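You will see chain A twice below: alongside chain B first, and alongside chain C after that.
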Partner chain A sequence: MGLIRVDWRASFDLTGRVLLYLAGPLSFPLFLAMLYGESTLPFLAAIGATLVLGGLLRGLPGDPGDLGPREAFLAVASIWLLVAVVGSIPFAVAATGTLAHPINAVFESMSGLTTTGATVLEDFSVHGRSILMWRQLIQWLGGLGILVLATAILSELGVGGAQLMDTETQSKNVSKLTPRISETARLIWGLYLGLTALAAVVYYTLHLTGLAPQMDLYNAVAHAFTSVATAGFSPEPASVGAFAPIVQWAVVPFMIAGSTSFVLMYFALKGDPMRLLKNEEFHFYLGSIAVFAAVVAGALFIDPTVGFGGEATIRHAVFNVASMVTTTGYASTDFDLWSSAAKHMLFLCMFLGGMVGSTTCSIKSLRWLVALKAFKRNLFTSVHPEAVRPVRLSGKPIEEEAIRDIYAYLLLSIIIFTLLTVFIVVDSARVGANVSEFEAMGAAASTFLNIGPAFGDAGPYGTYNGFPMTTKTAMILLMWIGRIEIIPVLVLFTAAFWRS
Partner chain B sequence: MHVVVVGAGEVGTSIAANLAADHNVVVIDIDPDRAEQLKYELDVMTLAGDGASLATLEDAEVGAADMFIASTDDDRTNLVACGTAKTVGDPFTIARTKSVEYLRTWELTESAFGVDFMVCSDLLSAESIVDVVGLPAAVDVDPFAGGLVQMAEFEIDADSPVAGQTVAEADRFESLTFAGLFRDGEIILPRGDTAIETGDRAVVIGSPESVQAFANDLAPEETPDEADEIVIIGGSEIGYQTARLLEKRGLSPRLIEQDHDRARWLAEELPGTLVMEHDATDTDFLAREHVDESDFVVATLDSDERNLLASVLAKRLGTDRVVAVVDNGEYVTLFEEIGIDVAVNPRQVTAEEIIRFTYGGVAENIAVLENDQAEVLELQLTEDSELVGCSIEEAAAGIDTNLVFGAITRDRELITPRGDTELAAGDHIVVFVESSFVEALASMA
Partner chain C sequence: MGLIRVDWRASFDLTGRVLLYLAGPLSFPLFLAMLYGESTLPFLAAIGATLVLGGLLRGLPGDPGDLGPREAFLAVASIWLLVAVVGSIPFAVAATGTLAHPINAVFESMSGLTTTGATVLEDFSVHGRSILMWRQLIQWLGGLGILVLATAILSELGVGGAQLMDTETQSKNVSKLTPRISETARLIWGLYLGLTALAAVVYYTLHLTGLAPQMDLYNAVAHAFTSVATAGFSPEPASVGAFAPIVQWAVVPFMIAGSTSFVLMYFALKGDPMRLLKNEEFHFYLGSIAVFAAVVAGALFIDPTVGFGGEATIRHAVFNVASMVTTTGYASTDFDLWSSAAKHMLFLCMFLGGMVGSTTCSIKSLRWLVALKAFKRNLFTSVHPEAVRPVRLSGKPIEEEAIRDIYAYLLLSIIIFTLLTVFIVVDSARVGANVSEFEAMGAAASTFLNIGPAFGDAGPYGTYNGFPMTTKTAMILLMWIGRIEIIPVLVLFTAAFWRS
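The block that comes next holds the complex of A and B.
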């Protein structure tokens, strides 16, 4: 091991284990491929690759030690990277449409695993149904992975805000990470599975009752996978806009539930709903959806070019704002055609995010809430310099260190977003593509904050395929970094992580 | 009654002096000189020795004692002494502690450490400060059920908004019971339609919060409300408890504490208090924070000297009323002579509480009202009490006297008694009753 002080063997052992597990879910699209008479090769190749890679990582020489904080950072980063790479194998082997290019295949897979929902597909009809279902399923797996990460691992590692989550116990003993992951996963797993099943049943019931002819069993399952995961892929090019209005209304609560703290929902199911209902972050999260939906609805009402009519205006405003705030990334209509005012409101929504401890992405309401409270406190202490005012969240005081972490995270997010925006503009100019600044900002926010659709060519009914390969590669990396809360990846690039 | 008092300091001496006339009192002190001296000051037996040692307690005949009071300055000595006394005999044990922590532990079972009643001097001092600050209009205030319940007696002035109202109009608080009225030396049991007249004395029992709100209705001028400024100087345990109790009564005090970590801790524990981290004896700071315009300043610093300095500063700046904690009993009059409005001495407060508890030889929490015409007393219902299982209506009907159930606490929660509230074993009941009936009532519990 020499100078390296990280027990990378332990990290890769865990990564290997996850890759071995991945063979299980891969057999679902394999089964579909056999059912629909499509090529089984893409999935067989992926299963083979994941088993071999997983086995190799587990069989590395040396004895894996315990997972400490550093090993956990390395494991998280490598799991999200390698699963995305393995997940791209079915796309690359099937090689249909735009997925034939390996960068596109990895983009689609990373977009899926990080529950982003940005797509490079152009003509959906050239892809097999099993391939499109794998696209849905990998999002569902990404949602599950992030739940375990958010509820069990990040809170233990004290990464930006997650340690403030209202959990039952919060041990400081990181070496006990593995039992804690399995314990939390066990609790959260059931809830996630239950919500997904409920979504599928609700969607399919709408079909059976004749209210949603398009929502057949395939679509019901496909959308159940990506609504609770707040992920946003759809086998339909027109996203949820392809379905009846009642389906769009039915999807909204599942997106909102997917972005609500699973820990608090778990307590609510155990008979303690007050913890959720009295949670300030929950109020802030629902409040931000309500306020933005009202403003967007207002902007649509006064826009003569849209002309939805009463119910549709409210529906599209609520649906698309909820989709953005929860970071799902579905669309009920092509909002790229909306007025500039409405589009800019949706752009702002991208930065909000749902609650900590859910499948949501982006900055998250907890961080905004704490930052706003801390800022308000600072205004007070500038008048009364001697006042000692802890910032409180649902009545509980927050450590000053956690507030500094949150400030740093916000700043870091804004900086990375700005850099990616500039990169997209410059890179597009290099190849002579015409990308406006707003479109570049939208695409940067939408990928880095893991939302999905943006504006212009990357709009909800559009595709990211038009971006240069270099831009797409940068987006792949930033989806990865953004999804696992930046820090676990960035620390890998510090010397102190590996040495001291 | 055979009473053993451990500790012949200010508290122990004061208690012994009070009990000596009617009871057979033995005082134990570790200092032989002090024990010898006390023998001549008071008509009591004294014993030199360690109050926590079995041999000493056997010498003091604790086995035959009815009451055992551990009142030294050391919490642990007092707790061990009570525990030891319980091994020798079965006296009713009273322990004085300073730490609120021990009190909270004791409250869980109300028998921990072999203590039957615990008097916490820090909490008690804070309570009496809060009474002075929060209820200046009250003639008498006493805590019951570990502070969950409060009894207060008010005199109705002519200019009180309550004068002329009926009891139903005046008592608009959920957890307040209008227990009794004294008019021209007579007890009147208040009914909803009883009119309250000028010169009446009203006794109310309820949560500290509701008593505070009632006082605000009754004497809005004197009683502080949210708009009034209360500044606590010093984040000692007494300062912290004072702020906490004021918060509970709906007031938002300011608390000044110099130590950085302590200030942060206080700010976290006291969401309704504005904690400021600064030296409270810095006049510039006090002026900048407009301490001169505050209605009350409470000095709860760690030493008498600093409290004196802070109080004098506050007075000179022009604060209306200043309350100071004075640890040394001899300084109390000194403080009051130089213009401090109220000096609270923790030892004196503790001694008074213990004496109140031993009043009349029954070990019960009692407040005596109006020349012993009536009393408010707290009783804990035992398993075989004849009141267990009765509703308040049935219990009151079965007793042929003037009696009002003021409050009930069950598992450390306050229950406001209604006609159909059923009494259970283990309940603490706080009752307003004619003095002549106290013994009969005590036997029913």
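The block that comes next holds the complex of A and C.
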């Protein structure tokens, strides 16, 4: 009944192809290195490594077949792992500042590729401009990768209820994933590129008109790469807080677009905007940003130690809540200095996420919305056991199996987050570097859910460098597992995966 | 289709009956007050109040019908709330020490009735012996109440997957709950009483043989009341740590029995022990105690600051892990002084709980076991989408609906715990009494999941008195909601509950 052995040849063939492609984008920082007179060796080494490794994987003996569910899971897991390793080569070869340690280099690369945005950099000025731009670019590539993954693979395989995604072209044919991937990539690619270009133009226009003197061409491109990708790296240690208030306002719509379903945005551009505007997940997503921004603004207004003005209070509340909910991880100010109430609201925002089928990370609005509707339905059937009432999403009834998968996904996420928190606290206590529970919770959520900044030393203007190497290694693994939605890695550890 | 209006008359009739019964147990501390020459007014006032209130509720106009699901939910919610209020009258009238504040009196009473064991007492010596014994007795009554609730009501209504409980007599006839309650009470009552009497005899025998000089008759009875009830109050500020090591060892089996399915223990006594011994939940429950005890013992062994001997290390590890997993909440030593690793293991233990159909609180082993099995099955179907494989418990396939209910219950518990944690931190910060995140997490879990002690000021040798009154009020509500398994309270807030 189709329970044949996993065709690892097909998985590694796709991985090899992606590694060969990687040489293309690596030539952009190579070009910048030549332009700025910085060392080209980091990028030449990475290009060489990715070509050799990619060629080896493609040249493995045997004929690659089609991607089924198992082959897709293996390909996804190996692509995100190997690209992160290859992506760390420029950092490791440049070996400037904290990136000189190989684990730090892999941390920064994995944080980049997974669009997390947690950094181990301490002194930004010791790193070359080409290296800092590679950091930005790998996030943009990670955003593109996740778009293809989310819309073409996870939705077909129904990972954690992702089959509920609104996508006209869903084929439910899990034995023919390869054509589906190319088709989706074609559809999504233009929109992603267009939004990124638009962000760069808007940011740079603010510079040209004199409204944002620091937003030069380099910064405009660097931040365009990480806005729509909801990724969050910045070449500036003060993140978007380094720029004029108008820049902060300009970034918000791009973070929000990056976390909006690309499929629905595509249909909106094709003349059917109602499909997006009437989508319940879209309402829930925007509503959660509005509610949390209002609560945070309220908490900042009543806090005597903050003392922002009226506009700045609203701006910082909207910006940082949107940054957390969309999982971008930019900061417009050091929110680690805020009151306990405001920080806890940001912490809760970390678990939300934007819409499925976007570059967003974390749990995602769809799953919370379905879980809330299913809770409500459960209460109804508790008092009326004889009643049959399906849960509906944007009017359509959804399968009980999808609800169960979503519950399982939420629970699994929370359990992994909890275990990572305990690991961080205990591991830090072990080396005598007492990390508070809240800092550990923030860092665990922020890495596993791919947000970026957290609180305390790992705050938005801080660094993850202070954590023990063991903790950073655990974070590398959990950024990887979290970004590809857990299941593709977990299945590799089951006997059923490898058995024929 | 049976969607008729809730028959609140039936709910309040049962509530009234329970309140009338309450006069009986209240005469035990009344007797002690006379014996010790303490004021009898606290108990006379409570007896008067419970008779008047009970009579009023039974005398409401109209004929009470049978208990259906809705009537049962309303009865359960009102019984636990009103008995806690009546139970606070002796504390409030005696008005000694911290109990003089009415919110503290209700906190102590609710903590007692829900078998939580969190205390607001500071100086134990200012309270009369009759008042301290009422504190013990209300826990024992709460344990009995929960046994009836768990085996006769929640399992019939299938709250959070409780329909999976192994009970021969399950009728699935939710329109005839009243006879079911009497029948179950008859079956369980003797076993509960017998185990309590056995605990008292064992504890007092240790005293008579000179092995435990401090375990006099008063203490033997007081601790027998709160061992099998997995409740955790002690008239001693140092809890079971006030007694000889042999007492601590003697308490462990009674905590474990209190958290074991009373239905399966009943069958074991009737000559069918295999049904208990082959029960998968039983294995999981004992296994989790063993694993966590080993880990905690390891953490204590390598901790240079602890310095227990060999026997004491194992005893404290086993005792406090068993106390947390069974949700009793006794302590054999001040574990708040332990290392971060050991304390975090105890924190994780709080979420486990014993078996369904016992006096245990928290999530319960059955739900974790089913969730783990369902996770494993989900991973299997992720790679083999065409395969159909039911989840099995002790060999029997279980319904998908039960899995979904269990997922929902776990998730709901974690969400409520998280919101309570945030409330505690923010509320404490508001009054300038900075409570650390870990202390707040501990206190939130320990009250909502009905464990008792937590960490920091609310540690096993500490008190909850320092929390703001707003926090204590929230804890009162969440001890109530947690003990009756959430759903009976939540449904009261849905329109569907009240609509005909």
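Here, the second predicted complex is superposed on the first by the 495 of 500 C-alpha atoms of A that agree within 3 Å, B and C clash if a C-alpha of one lies under 4 Å from a C-alpha of the other, contacts with A are read in each partner's own complex, and residues count from 1 in each chain.
One rule holds in what follows: contacts are C-beta pairs under 8 Å (C-beta built on N, C-alpha and C of every residue); 3 or more make two chains touch, one makes a residue touch a chain.
Worth saying up front: this structure is predicted, and the values here are computed from it rather than measured.
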Touching partner for A:426 - first (chain B), second (chain C), both, neither: second
Dominant contact partner of chain A by residue count, chain C or chain B: C
Which superposed partner A:118 touches (first chain B, second chain C, both, neither): neither
Which superposed partner A:206 touches (first chain B, second chain C, both, neither): neither
Touched partner set for A:395, first chain B, second chain C, both or neither: first
Partner chain(s) touched by A:387 [first = chain B, second = chain C, both, neither]: both
Shared contact residues on chain A - chain B and chain C: 384, 386-387
In the complex, chain C residues that touch chain A: 1-3, 69-70, 73, 157-159, 174, 339-341, 344, 347-348, 371, 374-376, 378-380, 382-387, 400-401, 403-405, 407-408, 410-412, 414, 418, 422, 425-426, 429-430, 434, 436-438, 441, 487, 490-491, 494, 496-497
Chain B partner contacts - residues on chain A that touch it in the complex: 384, 386-390, 392, 395, 397
Chain A-facing residues of chain B, complex: 256, 263-264, 266-268, 271, 274-278, 285, 289
